[in-house]
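Scroll down for the structure; my scribbles are underneath it.
The chains carry the letters A, B, C and D, assigned in the order they are written, with residues numbered from 1 in each.
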């Protein structure tokens, strides 16, 4: 019911029960293959297991039986074995404990979800990069504490979005490559039942599944989960930041951007309204993440060789965290790819204070001749005069004698020209885009 | 797949999509009834709406359309109207905004879930009360920082569980009664389209739905959600506490309790194992709650008349919080109702330190004649002697001259008798049970 | 360094180390008095303890010694005893364990902090009530998802703030009265060393300290802490909501309110800026609370008779939570008490859409004659015409034949008059203020 | 008062107000130097600023004035300027905004705190490595869900601790090197007042401070803070895990380890008690972290060019997070460096089930001849016989005919020999230590 809004995009299915179950089956099959490659099983047995697991299993009945076992792995193993005769049945799950299967499956599920999240994050970052490029020189009020401060360019704002998304992506890719590792430890993490072949089987299993190797079983060493959670938490922030900006820029009184997907966010009762649904839903997704990250981090304190609840406490929050970040990424991509920019409105808003946004620039220009403090004092005096008289800042500046003795009219005009004011911003945009291009080229 | 373990009990269905959708329909119907009772609609129109909503709606298609609207209410209203002709169609949703329907439905869903949670919590508290009564005098080591400290009774431990569960229940009941309130404000919380009848319609709607009245619409005044979240967070703690105790008492090396549900928690590969699955799953449920509470509390900071993401961010965490607390309550009830107590093992463990657990009692007995400090010093000297020599504390006490001059042998025997040591604990159990009985009698 | 911004107001000192230490001393003294009143000590001994504790203790040295003991109580008890001879020295701390003293002190510290928080929250709610009264009829755009939706009154917005603050206050007062309870259990919560007098001493101690009685010791039954945390979390939300509204209303492009404390939030380099420092700092305080609440709730799962880290984990977060909510309350009070309202700007903003904000009202007026759907369609058609032609909504409405056949010009004028539009809002304000007055009268 | 327990170690001072203020001064001085190196200031002015800032500033008075400005930077700049004449006074803070100074200072403070944390974490990991090496072959019960499962070695447990600590360290070092970046953006992140020299000055400033460079100002792009928080959260988990194990292993009924710091954790009233204070305090520290991480992650959603409260909301949680992880690291180091191991007790506990812990190994040995299922069934039959008759598992195995026909007595003895059982564990320890050594060699 809520998934259209809160679980948009392909990650939803990638972390659904069916995907978990499929991943668990894959791990069992890959384990059999690994045992065979390590010389601990025969090819026929592996083939039998592959055939037996080709058809899907019944998630609901396995879920029901999971209650008594405390995990769905035991009923799954029984279900697989029920489709097999000996000796293949005995091979299933050999050397593994339930947590080996579930943790490895969690890593598979996470890797696939991360791939999908990355696709949407890359697209969102690309859209932000396009906006940065197109609007490197578009003046907009820089706002601090939600007050207009000094001019910037809309391109620099978009470059900031891009930069946050790229940082989150970089981290998620590191995690996907190095920290999503296979789990294989057996009952107490000693790989005892695999004898001397334990290390080899673990390595083969990692390779079969395309997961990173783990020097030690990590049943109760959960830094991998913690880093994954942290990376997703940072991604949520990187998603939420542009979403918040869009919501704020789309305010009726600001009106500098709006979401451009036809038919979305309209209200029949209020025809003037155009809700920024994409940004709002992205923001909602981002807000849900930090609490889930905290739960996953707190769950890392696990007793002895396998946990007594802390491990179980990871399952839903991990799936939910992937889901919500996936939803946020999908919404943000959609939002940024269809964002409509109103440059005229940006300029108009920039002039709200009658040019006072350029006061800092004027004070800077006075600095060589007056020093900072008296320069600022002079500008403040002029600004007060302008506000008191309801006159444009430029006009008062030009008629002021103290200013006039130090700055030429054309210098003043230059200082108050928004196009000029965004030079610094534009240079930063260029650098950021160049860095991105050179990173992509590697 | 995981719901057998992590979403046990009836709350799971009570917070599922179907239940939300049903609740939303109920709110729309109740609204039509309220409008009619307030004279703003005719009985035939209401009857038409009742007939049109008798058949369920398609949650999946409504969910899909929800994406564009940002909420599932708009597509639901359209779906209802599609089953109606005028003038009934125009009556549907009259005076309401999407959030009115969804918030009121959330309150209905919450109240029903709370009822179910309360049933399990009451049963768990009753089971704890039974244990408290049955074991008011059963000596067990009191453990602080997981070290044996002084004796207590198992009954007092169980009374503590009961007390925590009862406190959580009391609070949840207050919330259910006073804080689950109807929402009716219209587009911006002014009830404008209802004219002067707004207050009356809101009151009637509350009564129709059996929800508390709200003096003001609370679209962005989320203290109700926050209190609900807080109450559930406290309940999670009250569930987790006995669950943790059971897990610890069931440890192989302690062995004072075990879960008594046949077939559960057994391991084919490790026949000696008997995993306390109920307590473990209850603990897992409890661990998931605090992060969700934080998300709901953080979402309370909502802008203006209706939020821009913070409201959406409540939906899944609220359902998830109800679900996880419901699961924990169901598991804990199951665990406590089938808990097997090993009194002999409790006594045996109590004697691990050769009687040193009674040192505090001996020091207390010496206090009148020696003062606290020299009494304690004397006891420490004797205790050191006992430990160094590997002799029972009682034996060394009885042979010690300094002690002998102050305490009679029968006094020493009394001080070291576990049955005697738990007198204080038993008295507390009695008081707690009496209070509970008198509270129930009201 | 940051306390001026982040720990404003008197709560900072009320939860500082010195206040905790003083509270711990008070508990030890009150315990001695209670023992005496229960006949377990002589008045001279109590008097000696009172004299010995009149001078403050050295927090730093006690803190240092606390490391080895794991709590500051043991070194404090030693420090008290060092100032006493026997038998008074032996009376100190009699019957208590460290946690008894620290928990009771935490309750004292919390109660005092809650009193201070309540003072600021009441003042903030009063300020909101004054704004509600003064502006019950002041039209302002109702904003949903940060888009202008339909008109409301500024008074109703302020009444919403008041309502949230009052709800938080009510809950905090319940907690202060009923849930801040004395702790007295002895080493393992059995009150063993007090013999049959345990219950009486606990009651007397509660009365001495002005704390609620506790039927059972609650060393590891932490629902009280959880409720306190939850209540403070709700208060943080109630503080953050108006603060966010003020920040949004104070935006340069909105400009409907500003903070009126002279000299605050000014920027020398940007003379046009006036940062809403109070609201910003209140918002910052509110944002810090939910994570702390989660920590306190998670810490409720404590093992056996006394915890192994979970209890220690409460100390700083509890103090920090009181401090941050106290800071938020102080800032919000300051903000609301000095808030400047710009009614003209509110009206001006309301007209941004050329009257389209009244579209819903027009559609409602058409409902009797056209039904909802065709009424809305007609209004949408007119609205589109107005927007396309850049003409005021009123003008197009008045010249539209379909509309004209159904609504008289004066009816249209009435529907589009902001003063009229806020009637519903004003009525809600009146009700909310009346309810408040009658609650206060009780 | 609580810092001895909750803020142990040198990080406390490194994140105290004085350290923040010092870091802010350093940033201002480094900025002046960078301006000079970029040709925007003269060496004399820089020298004047260096002299003027040599003496410390008054943290309390700056903190007081911070309230009006919303940050302590403005009063600090004024205080510096008050010690200078022109033109040096005008140079101070040139090109910077308050947030530039505070963020850069936060990075300095964090880097220093991370260095201190790393020192303690390395020492703790070394201590764990020493335990792993010394006890690679020491049999201990592997415990899952707190139930004895199969044997492992204490060395493998310690290697798991080491592995978690090393993983956390690796991540923190990456963050320290690459993510603690300089902040320099000016009023709205455009570096406008520095003109074309902006990029160069930012680079020079990074180098002066030994911080990473930042391609863009990151006033509202908070991925750096998020990654830092996440890394610290993972470290907290890595600290909490061994601490929890120590607390559990030190339980009276387990007694396999105890903390060896003389005088710590003793109780005068309970001479038999030896509280594992170090582990308990480390655990407490770990429990406090996740909520703070969540706050920092949630604060990443910041509006426009500079935040309206979300930035302020980072300050205390960041300092508190560094402090608590520092405290945990210091305590854990202390705990592990002095941990006393009781090998005899480990063996004794391992025999609690009369050898049943070796059932899995026996079933594995039967696998080739019987297949998994009948092998397990046979072992279960024997195990049941052993438990029912209260006889050792070995004895029943040796006398069982079905077993006897398949396994020789010496094979059975080998399977039941704990030393043999830990071979797999020992091999894993060796690999983990080798990996660590080779990583250190790089």
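Please note the rule applied: a residue touches a chain if its C-beta (ideal position, glycine included) is under 8 Å from a C-beta of that chain, and two chains touch if they have at least 3 such contacts.
All figures in this text were calculated on a predicted structure; none of them were measured in a lab.
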Mutual neighbours - chains that touch subunit A and subunit B alike: C, D
Which of C-D and B-C has more C-beta pairs touching across its chains: B-C
Distance between chain centroids, defined by C-alpha means - subunit C, subunit D (Å): 33
CA centroid of subunit B to CA centroid of subunit C, Å: 24
Numbers and ranges of subunit A residues touching at least 2 other chains: 70, 143-146, 149-150, 187, 243, 247-248, 269-270, 275-276, 280, 283, 286-287, 290-291, 293-295, 298, 308, 360
Subunit B-touching residues of subunit D, taken from the complex the two chains share: 141, 143-150, 247-248, 250-254, 267-276, 280, 290-291, 294, 298, 349, 352-353, 356-357, 359-360, 363, 376, 379-380, 383-384, 387
Parts of subunit B lying in touch with subunit A, wherever the complex brings them together: 1-6, 8, 17, 20-21, 59, 62-72, 187, 243, 247, 261, 263-265, 269-270, 275-277, 279-288, 290-295, 298-299, 308-313, 315-317, 320, 324
Subunit B residues within the subunit C interface of the complex: 70, 81, 86-87, 89-90, 94, 97, 142-146, 149-153, 156-157, 159-160, 163-164, 167-168, 171, 186-196, 198-199, 215-218, 220-224, 226-227, 229-231, 233-234, 236-238, 240-241, 243-245, 248, 283, 286-287, 289-291, 293-295, 297-298, 300-308, 360-361, 364, 367, 371-373, 421-425, 427-428, 431-432, 435
